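The structure's right below; bear with me while I get my questions together.
Chain IDs A, B and C follow the sequence of writing; residue 1 opens each chain.
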Amino acid sequence: MASSSSQVNVHPIQWGVIVVVVSAGIIPLLLGVLRLMQVTQASPINAILHAFDTPLATEALQFTLLEAALSTLLTLLIGIPLAWSLGRYEWRGIRGMRAFLFVPFVTPPIVAAAGFLALYSSGGLLPFMGLDLRTETGVIQWFSELSGWAHPGHMLALVLAHAWFNLSLVVRFLEPTLAQMNPHWEEQLLLLPGGQSWWLRVRHLWWPVLGPSLLVAATYTFFFSFTSFALVKWLVPGANTVESLLGELGGSAGIAFYRTEASLLVLGLALIQGAFMLIILTGASKFENQHTKMLALHDEQANRKLRGNAPRIQRWYVFAIITITSLPFLSVLIASFRKRAMLEDGTQGWTWTLDGWRQVYQGDASTITLLEALGNSLTFALLTLLIALPTGYALASAFHRLERQGKRKLANSLDIMCMVPLSASAVMIGLGIVVGLLQWFPSMFQFQYLPVLPHVMLILPFTVRIFRPAFTRLDPMYEEQIELLNLPLFRAWWHGKGAFLVGPFAIATSLCLAFSLGEFGATYLMVRVGSWDSLSIMVDQLLSRPKFDPLVMPTAMAAATTLMVVTFTALLVCEFVRKSTGGTDDV
Amino acid sequence: MFELKNLRKSFGERVLFEKLMLEIGEHEIVSILGPSGCGKTTLLRICCGLDEADEGEILLRESLLARRIINPEIGMLFQRPVLYPHLDVGANVGLGYPHGAPNEKKSEAVEEVLTFVNLGGFQGRNIGQLSGGEAQRVAFARALLQSPNVMLLDEPFASVDTEQRLALASQTRTWLKERSISAIHVTHDEEEANRMADRIIRWSDLVSH
Amino acid sequence: MNIPSLAIVALMLVTPLAGCLEPLQEESETCTILAPSRVMDNTVRILTYDIAAFSQEMLDEFTTQTGYEVELIRTDDAGGILELLMQTKQAPQADLAIGLDNTYLQTALQFCLLQPNDVSINEIDETVLDVYQGTYATPFDQGDICLNVDENGLDGENRTMPESLWELTEPQWNGKTVFPSPLTSSPGRAFMVATVDYFEHDDDETSSAFDWWKAMAANGAQFTSGWTEAYEMHYSGGYGEWTEGHLGDALLTVSYCHSPGVEAYYSGNWTHSTSIVLERSSFHQIEYAGLINGATQIEGATAFIEYLLSDEVNRNMPVNNLMNSVLNNATFPAQEGYEWHTDTPLKNAEISMERIANEMEDWLNQWQTATQ
């Protein structure tokens, strides 16, 4: 099909955007590494070898790999039956269910940490049910003594939280595959010798069709569990993952003639973590390609009608999971209205109160007011959106044009270079800015909107991931037709392209806002001047306060509830805009 | 050999058929002639256990078949070719190779049936490269390789052009007769039915009991 | 180009740069006072740590008296104060640093993180000034760092009040001790310094403090980054048992000799926490307030130091900030058993600030090696 050269050539502005993005993504990290090398006078190889020789680092790495593996396993165990039930049967309100199951993934990590802390701690639902994951008494203590495992309760707490967080990944990848799968494949195989047994059907059908989806979901779950920070910090006291150790050591890294050992360890750990993340992301990318290829062209609605409503046990399972998904949110909300108090009979109990809300609203010398923190968060989020959205669009468009020119390899290489921040964890990006950029340009400490930089670095790869396939699906015929109609620039763009991208725009907007509002790791590492605190940081600071004051917890939970509500509101607004302008579900 | 007794099937208020009676003798090939959408496919799905009748019985050699249970003695060829995109032509056909038969003869057997349907040398081909007609013949080859005691054929040559279709119909009859396989063949094409069947039954006659 | 190739290329490019990066030069001994880095306003920004318990009433009173607003920037621990000062040296974010003690102060002075102030120190107890009486930092509170133990865990048979630190390496104490890390916590650092002195004066001349620390780590001792996590979350003898997230898995921790007094004061003259006062196992800690080099609101920060040293504030330090006053003739309050439950050390560790400054880096490295 013929297409005009102006549609296919990459605009000079787009080239400029590519250069800026690649530089902005790589330079802070590079400067951070260089600064650490300068302070320690060590090479990256020596730093890596030193880390492997340091028990603190190797224990953190072992713990990270173990918790990520267990989290992945549990997520799949819970998620596969869930996706199976949702994908194979008719459900009233399936879109609402999918949307709700997606919410944990975009919940600010500190809110999730606060919610699970409320669930697990005394007065929470789990101790009430006899499962003490916090002080590890009862059945947990029995298991600990039996197995010799020091803190099984804490590990279980973390793994459950990770499964809650990442469940949506399994549903996101597996459910469409199941829903769109040609039902005749299964039926035909049942009638063939090659499908006579369960094992043969797994070998010839289920694994080839579902395997790529499962592997993508598993890889991404592993990735997010591997780099988890807020949940590890609050749910597993005394243990460190690589990410939380970097967070702990990061404050003393990169300072000349001070704690050189810490700088050396940070350098080694950061490089080791980066290597692991590159491997994981490479695998995820490969599996995702296979997964896309396997999606059969079949009408989802016809498939669901073939199977009708789900059996009762599966309905109960789905509703149970949905109920459990809501528990951390409810815990945060309830805990914001409750403070511990001495009851009349002299025992420790709880009273209902609005004091936490009053306290967070008015602030004090240590924390700004709720509205100020909210203002900071929204400002960071909107600035992030204003930068990341058009930049992501421009990048995706540029890569698409390069593909149409036949330069697919170049497009993919540039795409990968723009994705570099994705291979660095949030803490690493924060470190890169603090240790790298700010050491060379200290005046940037005064820049109030500095936190926007790591937010954009972290979110930009996701916007490109959303827009690039959307561009691929666009029919160039619409743009070509528009060129022949002599419309003004914006109308031409809208009718030829924009109207078809409402869905991706809405999804990218909601993800930008949600991730920025909830960003914790990078912002935690950067200089925290009180008046610049975001809601995420405010929650962490409040939770960190000594708790002899019973108001500390309800105040922290009130801030967490506010962050939760704001994030969900942003998601709902974007969803409403997407639906009302006729955007598709397709991403 | 294969008996359908008093079968009834309805979808909501629409009754597809009731008191349906059909008997297929040993090695007999019966063609059921009827227009599209009348319920022929549903009947075949009930026969192989993919669906179940509201009432009635199905007997194979006088043994009552359980409902909704797949019987390995019954095979089915769907109207649209059901090929697995993650397997090549040879592996797709190989799914029909009898379970427990010697593996070393599998490749030879696969090539034999592919040659039979004029697709000799196609074993290593990607199914995405096949035309509609070729895809249907691959599915057909797999069904032939399977050679169950009772074969259900649901408009098996719908995607194939007329010339090939009639030739395939004759070849299929030869193949089924050589292996003493009973078959129920549904089609809307009378000429095809004539080439295939020992006995032709019109759908309207079948459901008018 | 795929991702792994890109990574290998990046590593190959960066590795040779190690040789090109010039080693950093140590700064000269003369400190230069930096120009203010921020726009002047009416707010005094104070960099402090989580357990600084300045009450809102106290801060409001300062604002009423002086007109200056107060904003607190809290780090997780005292080490965090030092690190933040170092990271932001070229563009300080605060005016006043509160919480560096006599184990951290020398490092802050060496790195020129503070600038002189002109606050009067006439009312301060002379023994406090013996440690440091320069103009770069002003003492505002003090206390003795001690081991605290939960008496409920001492059953008189299996576990008794330790009579030497080596007893804590025995099986009955396995997993029952928690220490804030000297890398990040000032009480933790002070206690580590005390152990250096303790083991230099015990009967066994073959073992050092770091042999003891190694044995403690092998006996299941836990280490936290800050005092709050150790005392509130792990220690079973303190207020932590009433708080959310409490674990209570440790019977012994590092705190202050007057911490049991604080517990009693807020619990109606009752506590099951007490101090271990073995000779040289405690450390006399003095906390300082210092103007940050490059501060903007110098007047306001100076006014806050003077406010801290005022009679009405400083003599109420035991209640306002849960530490002892530095003024002449200061005592703990007698009400609610505060003074009664406060233990007096038999003999504090005697290590000079100069020695601390010279050997701290080495001690921290040894400690880290011993406890890993």
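One rule holds in what follows: contacts are C-beta pairs under 8 Å (C-beta built on N, C-alpha and C of every residue); 3 or more make two chains touch, one makes a residue touch a chain.
Because the structure is a prediction, the values reported are computed rather than measured.
Chemist: Chains as vertices, touching pairs as edges: which of line, ring, star, complete or other describes this one?
Modeler: line
Chemist: With respect to inter-chain C-beta contacts, which pair, A-C or A-B, contains the greater number?
Modeler: Spelling it out, more C-beta pairs touch across A-C than across the other pair.
Chemist: Averaging only over C-alpha atoms, locate the centres of chain B and chain C and give their separation in whole Å.
Modeler: A distance of 83 Å separates the two centres.
Chemist: Just curious, how far off is chain C from chain A if you go by their C-alpha centres, in Å?
Modeler: Centre separation, chain A to chain C: 36 Å.
Chemist: Taking each chain's centre as the mean of its CA atoms, how far is chain A from chain B in angstrom?
Modeler: For chain A versus chain B, the centre distance works out to 50 Å.
Chemist: Name the residues of chain A that each touch 2 or more other chains.
Modeler: Not one residue in chain A touches at least two other chains.
Chemist: Could you say which residues in chain B touch two or more other chains, in rising order?
Modeler: Residues: none.
Chemist: Within the complex, which stretch of chain C touches chain A?
Modeler: 1-4, 6-7, 11, 14-15, 17-18, 21-24, 26, 37-38, 45, 50-51, 53-54, 56, 59, 70-76, 79-80, 83-84, 86-91, 93, 107, 111, 183, 222, 224-225, 228-229, 232-234, 239-240, 242-249, 266, 364-365, 368, 372
Chemist: Along chain A, where are the residues that touch chain C in the complex?
Modeler: It comes out as residues 30, 33-34, 37-39, 41-45, 54-56, 117-118, 121-123, 134-135, 234, 237-238, 248, 251-252, 254-259, 261-262, 271, 274-275, 278-279, 281-282, 285, 340, 348, 364-366, 409, 412-413, 416-417, 423, 434, 438-439, 442-443, 445-446, 527-531, 541, 544-548, 553.
Chemist: Show me the residue ranges of chain B that touch chain A in the complex, using the header's touch definition.
Modeler: 48-50, 70, 72, 74-76, 78, 80, 82, 84-87, 94-99, 142, 146
Chemist: Mind listing the chain A positions that touch chain B in their complex?
Modeler: 182, 184-185, 187-196, 200, 204-205, 208-209, 294, 296
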